[in-house]
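Next come the structures, one after another.
Common to both upcoming complexes is chain A, partnered first by chain B, then by chain C.
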Partner chain A sequence: MTLLSETVQYAISGITAGSIYAVIGICWSVVYLITKVLNFTTGEFVMLGGMLTWAFHTMGFGLPSSVLFAVACTIAISMLLERLVIRPIRFPTEMTYMMLTIASASVIKGLVLLQWGSESRRIEPFFGSGVIHFFGAGVTPQVLCVVAIMTLITLGLHLFLNHTLFGTALRASAINQTGAKLMGIDIGRFRLFCFGLAGGLGAVTGIVTAPITFTGYEIGLLTGLKGLVAAIAGGWSMTGTVAAALALGLLEGFGAGFVSSGLKDVLALIVMILFLILQTISFPGLRRR
Partner chain B sequence: MNSKHRFSLLWVVFIVGLAVLPFVTPGTYVIGVMCFVAFYATLACGMAVLLEQAGIFSLAAPTFFGLGAYVAGILAAREILPPWAGIIFAALVVAAIAYIIGAPLLRLRGYYLACATFGLLFIVEIALAQSGEITGGHDGLMGIPPLSVVGFTLRGDFHYYFVSWVLCLGCLWFFFNMMNSRVGRAIKALHDSEVAASSVAINVPRFKLKVFVLTAVMASFAGSLYCFYLQFTTPSMFGFPLLVELLTMIVIGGATTLYGPVLGSVVLIWLREAIHVYLKGILPKLTAEVDAVFFGVLIVAILIFMPEGLAGGLDRLAHFGRRLLGKSA
Partner chain C sequence: MAGLCNADVHRASAESSREIRLRIDGISTFYGEAQALKDVSLRVHPREIVAILGSNGAGKSTLLKTVAGLLSPQKGKIVLDGEPIEGRPAHEVIRKGIACVPEGRELFGSLTVRENLELGTYSLPKSMRKKVQSERLEMIFSLFAVLKRRLKQKAETLSGGEQQMLAMGRALMADPKLLATDEPSLGLAPMLVAEMMSTLRHICDEWGVSLLLVEQNARAALKIADYVYVLERGKVVLEGTREEVIASPTIQAAYMGG
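And then the complex of A and B:
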């Protein structure tokens, strides 16, 4: 392999990973902005999507119907989570929210482990397993499918949030809850909707990536955390998250290719910590208002 | 009887009970489990001081626990330092690391600090698993010699029972005195309002860093002893499941008091043992992740139905009882 083809190959894997992180990052920020809950179960929704599809598929359902069931189940689970775990808290603080979602994440993870064991699972690729050659690098149709679906989701969300009444109301309640309430917006319903949206998007992400990377009970946390890195680095805004996610994905792709694949997970987390630290430093002369 | 007096009486009963326990229970099973309780209680106590008293939302306790275990374990297994010196060296190393990490990280607050320390948890776990030549990688660090101090070798649960509980009670005593001193009052003040605290000349970053490093050192001591007790460590012992367990202990016990986490760790470890004994037949693969299901449900249930935890519940019960007695007398 030449250096060019290697570079292209790593860039492709980076962009694929980046588009996945972008959608996961949007899942985090949708929930965070409306409910102020940092939802650590986001990664588990990704895992649930893949695992449920695999489970339904092995039970004998066709691929499209098992995908549909899996997404529906994940949405239901995430809405139940909001209803039964997040909402009943009387005096919520950031700490209780975080403990609750970490606890829920470990419950989901453990139940999946109990039900389906610790083996890695794989779903068949949606469009066959041919390889398209491109500058000497190979691309499978599944990779193109992932990037396409992630782009579609992002664009669709962008249109939904900016060009529909419901989306505008969502943005309004993210900016000022009291104001939104005074305008007759039902915040409780929106919270439920946001959790459902995050669950659904997470599940779709998990399903389309399952044919490329294996899915298993333990993938949730790290995948979710990388989405969180993108969301934090992107300042919780959509364009920011997408840009940060792509940068993170490329960094990881090249890092895994040229440095070490074992430490590529560490790379993203170090980026997050450095980014958080950099935010707190105010340089003289560059002080924010 | 004033409240301080009654308080110390309770402690005397507790300590005497602990001291008598190994002589009245048959076999080593109970003592072995109580060793775990002591290690976890030390760790949970430090974490609760950070979370509730100081308001520093740090999830790094398992990291420092693991680092303490690994540094002491590696030094002893490679015969670079004798075990007792390894423990002290590990504490120094962890203190240095906590200082270097804490100085920039403690400027963050709330969720961001939690995210950063959560990331740290994974970084350390992955780094320990990946650097196989030094740490033994995923398979774990083997060949840790037993702990020996000036010719006296600690062997078996019986010895470690006393050492671990001395450490745990020592930490409790230390934190108790600290929280009733100038430092402790400053920490409580900065938990309530950092602006108000700094307006009465409390150096907020310095006090935060101080308590962060102190709890890290406590965690390191507990970790070092833990690795000599088990004579074996793996990176996954210090990962996410441990964090869930610690959070459960703090939530069960209630973090507003110092003895809450100790109570929580007693309840949690015995609950874990009960799960392992009684559910062995139903659930064949009992790993830390499966335990975490029960603990997760427990966290949610307690946060919803009993937010103050057991210690808060007991306090309320005592208050109720006192009022009842006062009325009848």
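And then the complex of A and C:
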């Protein structure tokens, strides 16, 4: 392989990973900005999407219906989590919320392990397993599909948040909840919606990536954390999160490719530690009055 | 003598048959253990400006938040056009027709002026939003022309007075029956205070919106109010028409500087 083709190859895997982290990072920030819940089940939604699709598919359902069921189930689980675990808390703090979601993530992970075991599972690629060559580097149709879907989700969300009244209302609720209530916004329903949205987007991410990276009960934590790194480094804004996610993906891609593949996961966590030190753990909710 | 009696009876029956927009009956509101409102009752009629006067901590803002649904009264009734609304959350109260400009204005600082105004229509039925939006925007620009020039600016970049106008405009976008506003004169230059007061009078007379006006600036409020309640430590200590209240020695001494 020439240096050029290597570079292109690593860049492609970096952009692919980055587009995934971007969507997961958005899932973290949509929930966090509106509900003040630092939701550690975000990664588990990604895992559930892949695992449930695999499970429905092995039960004999076709791939499209398995995908639909998996997304619907994950949205339902996410909303139930908000209703049954988060909402009943009487004197909530960000810390109690965080502990609750960490516990819930463990429960979800444990149940999946119990039901489907610890093996890695794979979903068949959506468009066959050919390879497209590009500057000497190889790209599978699935990789293109991942990047395309992640891009569509991000653009779609951007349009929704900035160009619809409902989206503007969501942003308003993140800025000032008293003001939002006075405008007639039902914050309770918005919280539920945000959890549902994060569940749905997480599941879709888990499903489209499962043919490439395999899935299994334990993938949620690390996948989720990388999204969190992007959200933190991106300052919880949408543009910031996408930029940080792409940078993180490329850093991982080149780090793993040119230095050592063992570096891949370490790099993301080092970035997170650096950013947290730099910001002395300042989340936007703590900064505001 | 008999004639006077007749006149009195006539006035009383006119009073009772006159419809009441907002009726508050004996509400008590608590902040934790502390009782902020004690058995407060008041009436607002259609096309009427009712001013609530009182010093700091008298319970004026608490009263407004209770009416808007941001606080829930422990006891008592709040009735809007015959429908009880006490204890309903704020996002339902606005749908019933009470818009509120609270203490601190509660604008969406990092959203644009246009977005803030558009959100004012959120409580309206979807089918009506677009129509109301364009109509109302023009009406609001006719009151607060400066907002039109600031449409693309973020709300947090406006001056205090402009923010006050934006908060007022945003509340009016909801096409309310009653506007409850907390200290509209706060932070305004003296010349602008008079202008704001005449704007409020205009909104009431021309748009048919009743006003519940909380003010510390008694002098300004008394220029436009039809009826006045004075709160002290959570209780109504004095009420009357503007003329009655202006003539009252207590008011003269306490709020008008003698």
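Everything below uses one rule, namely that the second predicted complex is superposed on the first by the 279 of 289 C-alpha atoms of A that agree within 3 Å, B and C clash if a C-alpha of one lies under 4 Å from a C-alpha of the other, contacts with A are read in each partner's own complex, and residues count from 1 in each chain.
Definition applied: a contact is a pair of C-beta atoms (placed from the backbone, for glycine too) under 8 Å apart; a residue touches a chain by one contact, two chains touch by 3 or more.
Keep in mind the model is a prediction, meaning the values are calculated, not measured.
After overlaying the two complexes on the shared chain, residue contacts for A:184 are found with chain C alone; chain B is out of touch.
By the touch criterion defined above, A:169 reaches chain C but does not reach chain B. Touch criterion met: A:90 reaches chain B, while chain C stays clear of it.
When the two complexes are overlaid on their common chain A, residue A:110 makes contact with chain B while staying clear of chain C. When both complexes are overlaid on chain A, the residue A:228 reaches chain B alone and has no touch with chain C.
Residue by residue along chain A, chain B and chain C are tallied for touches, and B comes out ahead.
Interface residues of chain C facing chain A in the complex, by the touch rule stated above, are 68-70, 89-92, 94-95, 99-100, 102, 106-111, 115, 118-123, 129, 170-171, 174. Residues 38, 85, 88-91, 94-96, 98-100, 102-107, 109-111, 113-114, 117-118, 217-218, 221-222, 225, 228-229, 232, 260, 262-263, 265-266, 269-270, 272-273, 276-277, 279-281 of chain A are the ones that touch chain B when the two sit in their complex. Interface residues of chain A, counted against chain C in their complex, comprise 165, 168-169, 171-172, 175-176, 178-187.
Residues 51, 57, 104-105, 107-108, 110-112, 114-116, 118-120, 122-123, 126-127, 130, 240-241, 243-244, 247-248, 251, 283, 285, 287, 289-293, 295-297, 299-300, 303-304, 307 of chain B touch chain A in their complex.
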